[in-house]
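Chain IDs A, B and C follow the sequence of writing; residue 1 opens each chain.
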Amino acid sequence: MAFPKLVKIGLRQLIQGPVTNLFPKTPPVPVPREFRGKPRYDREKCIGCGACVKVCPSGAVELIEDPTIENPKKRKKVEFYMGLCIFCYFCMEACPVDAISYGDEWLLSSYDKFDSKLIVRDLPEREQS
Amino acid sequence: MMVSIVEALVGLFVFPGFLFLFLFGLLFQGMNRKLIARLQGRYGPPIIQPFYDFFKLLGKENIVPKNANAFWFNVAPIIAVASVVTLMLYIPVGYLGPLSPVLPSGFGDLIVILYLFALPAIALIIGASASASPYAAIGAQRELSMLISYEFPLAIAIFALAWRAGTFDMGELFATQPWTLGGPLNAIGFLLILLTALSVIPGKVAVGAFNIPEAKEEIAGGPLVEYSGRNLALFELAHYMKMFVISAFIVALFLGAPISPLIGMSGFSAIVVDVIWFLFKVFIVIFFTVTLVAAVTARLKITQAVTFYWFVVDALAIVGLILIAADYFFFTGVM
Amino acid sequence: MSEVIRKGYSEFVRIPIGPIHPALHEPYYFFFELEGEEIKNVWIESGGVHRGMEALALNRNYLQIIPIAERICGICSNSHPLAYTMAVEDAAGIEVPERAQYIRVIAQELERIHSHILWAGLGAHAIGLDTAFCYLWCLREDVLDIWELLFGGRVTHAVNWIGGTKKDIKEEDIPKILKMLKNLRKALPEVVDAFLYDPTIVRRLRAGTLTKKDALRLSALGPTARGSGVKKDVRWGYGPLAYGDLRDDYGYKPIIHQDGDVYAKTYVRLMEIEQSIDIMEKALDDLPSGPYRAIEGKTPKVIATLKKVKGAEGIGRHEAPRGEVIHYVRMEGGEGPYRWRPRAPSLNNNFTLPAMLVGCQVADIPIVVASIDPCFSCTDRMTFIDENHRKFVLSYDELIKISREKTWGDA
């Protein structure tokens, strides 16, 4: 009668302690450099060409007119709705001026799909100021 | 010997009856779950999780299926709990004497205990058969097959001990250490008998390789598939209490030696120490026969489990019995 | 099937398993006739999770289909977009640069490692061994971390791009990949030992035999076929991407086992993890320099290039962890394909289940169903419902006729 092989694995894990992370209590595991989280969108760089709107598979990017900008030719900007976003970053591939870059924010759950943290209008640091 | 009414009621409801069993059954199940989680590299639920589960289930709606036999469906969980609590009254909790219904002699019979051990399983089978579900029917068939496969080795183990000690009385058996009844051959024989008895525990408690009647991946919980609310809470409670009782029974029979004489204590403090020592031994037995088995073995098929008990465990028991008999007839018995 | 249920009386016990059952992770319907614990008859029915993937693709352009293909299957989320891009490249005649081919091979083998580890965990769960399940998924976590590091996502990998890959592998990341592979190689023997020699696991895995004859007749794919002794592996037979080079340089062969039961399939999968680790190391070693995309420039350029292609059709074949994935694309100008048709390997493998299940016990159902590594949602392509909400089934000839009309117009 052979001996169960998993005894060794089990007892080793009993001694070593759990490998999981009690997430809401402890900080989450850091994400790597080019993690595809909530995109960072630089509104000042954006030229409003609409290439990202055209390539977005889920229709999460919307072309808008920004009335606060004085020059009427430069009023075209975009907004990202994270409720629809599937984090494929095709918009970044499409952008001719590199106004979109990788963001590492991923704690995006909300009860309201139009929550302010689910709509990307500008770089987060600029939006706050 | 007479037992006063107060003593009997305390024994039935507080110690070592319902309340004690409720507390330690659920607590040991919590520790069991925690340890299984640790063996799997997880944190696991808090140790008092079974209490939360139990009280939450008590408050849930109790659904009886339309085609079920409502009477037996509702009675089965009560039979299960009652039979387990009754069993506990026959098992000495580490000492003999006041507050323990098991007195030094004349109380507690092995045959009654053996039959009572089959009752929770039979209650489960009745409940499953009454619930009119094909999954429960398969579960009941499997429970019955398990019952006939593990009862035989348990019976051999118990009767070997009773024959050698010359009594069926639980109190006397508790006071006797089977190892000391004869020479080294006897000790080896009883070691095999102890192994037999220990290997019955995972079958009785239905964990790991023997979690066949419930088998949540196969038949979605088997006998319990239609149970909910209070009835499910009672079945779960009976199940956890059974885990404690069967382990306590094996400990009391084979490993019952109290610790207080060794460290020279007496009186009430000796009883407390003995109870704690007994609970510690029960915990160790549960760790090796329930937790470890649940963590490291894959669930067998019913045919394989029956084969295991009938050929491997029975062979172990019979070899042990032959060794004990040889010791008795050739070495110690002739005096 | 529905006639069988309506028939009423039977001499056997009948139990349904599914669409929702702990043994199944996706909706599928099994109907069993039992005698005691033994299975006498099985009927299966698909169509529980039709998601309209092909309809979604109709009004999208070539690039927008890549994320859709990625979401056909959560676990083969690299194989489907890869086969789709290969089909588009085949139709448009785009030559993929060598570096991109190697990156695709690396990504594909990474997916195979993670999928097979995941399968072994689910198989252990199906036989009630959650310790192995937790341990294996803990090993898989390292693989997912590498996915996250290289391509930015754990489940949806976004590796593929028409004419290459979306991202390049950076030199600084290669040591991290090699370290993960080394750790995995060190941990693997223990797992293999447990699955192939543990007394309780082996007893459970000896069930559900698919004979070589049945495997060929039902055209099983992937490890299901290879476990029955059929030498069928697109990587080493047809040799797409850089697999042809790797095969010729290092002499890789499909891993097969003759027994045909769950044990054989487990053996094939566990050995393939080892083979994949080997391939990844070799591919990282041989990684050529150069561009990683055939079409330089941003998305409008890619779409403009593909827009010019008219009247071409292409096939993308690829060996996913579950078997061969085939994508068909027909291009008739315009920004999107005229027709896109994926075929997941589970479509073939699902119909080997009755052959395996008859004669088994009830206890074998979860592990035998899990043994083909089923992806029920991937296979559901169409469902017909008339006004009375009763399904009807098309015959083979009708289906062929409708398909031809749909693809070729009135032919």
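Remarks
Rule of thumb we're sticking to: a residue touches a chain if its C-beta (ideal position, glycine included) is under 8 Å from a C-beta of that chain, and two chains touch if they have at least 3 such contacts.
Worth saying up front: this structure is predicted, and the values here are computed from it rather than measured.
Two chain pairs, A-B and B-C, are compared here, and B-C has more C-beta pairs in contact (counted per touch definition above).
The most central chain, judged by the distance from its Cα centroid to the centroid of all protein Cα atoms shown, is C. Per-chain CA centroids place chain A at a distance of 28 Å from chain C. Centroids of chain A and chain B (each the mean of its C-alpha atoms) stand 54 Å apart. Computed centre separation for the pair chain B/chain C is 47 angstrom, with centres defined by C-alpha atoms.
Within chain C, residues 129, 131, 135, 138, 198, 200 each touch two or more of the remaining chains.
Contact of a single residue of chain A with at least two other chains is seen at positions 1, 4, 6, 10, 13, 19.
For chain B, residues touching at least two other chains, in rising order: 39-42, 295-297. Interface of chain A with chain C (complex): residues 1-6, 8-10, 13, 19, 31-36, 51, 54-58, 86-90, 93-96, 102. For chain A in complex with chain B, the touching residues are 1, 4, 6-7, 10-11, 13-14, 16-20, 22.
On chain C, the positions that touch chain B within their shared complex are 13-15, 21-23, 34, 36-37, 124-131, 133-135, 138, 198, 200-201, 203-204, 361-366.
Residue ranges of chain C in contact with chain A, taken from their complex: 60-61, 63-68, 70-71, 129, 131-132, 135, 138, 145, 148-149, 152-153, 156, 158, 161, 166-167, 190, 193-194, 197-200, 298-300, 303. Every residue of chain B that touches chain A in the complex is listed here, in rising order: 35, 37-44, 292, 295-297, 312.
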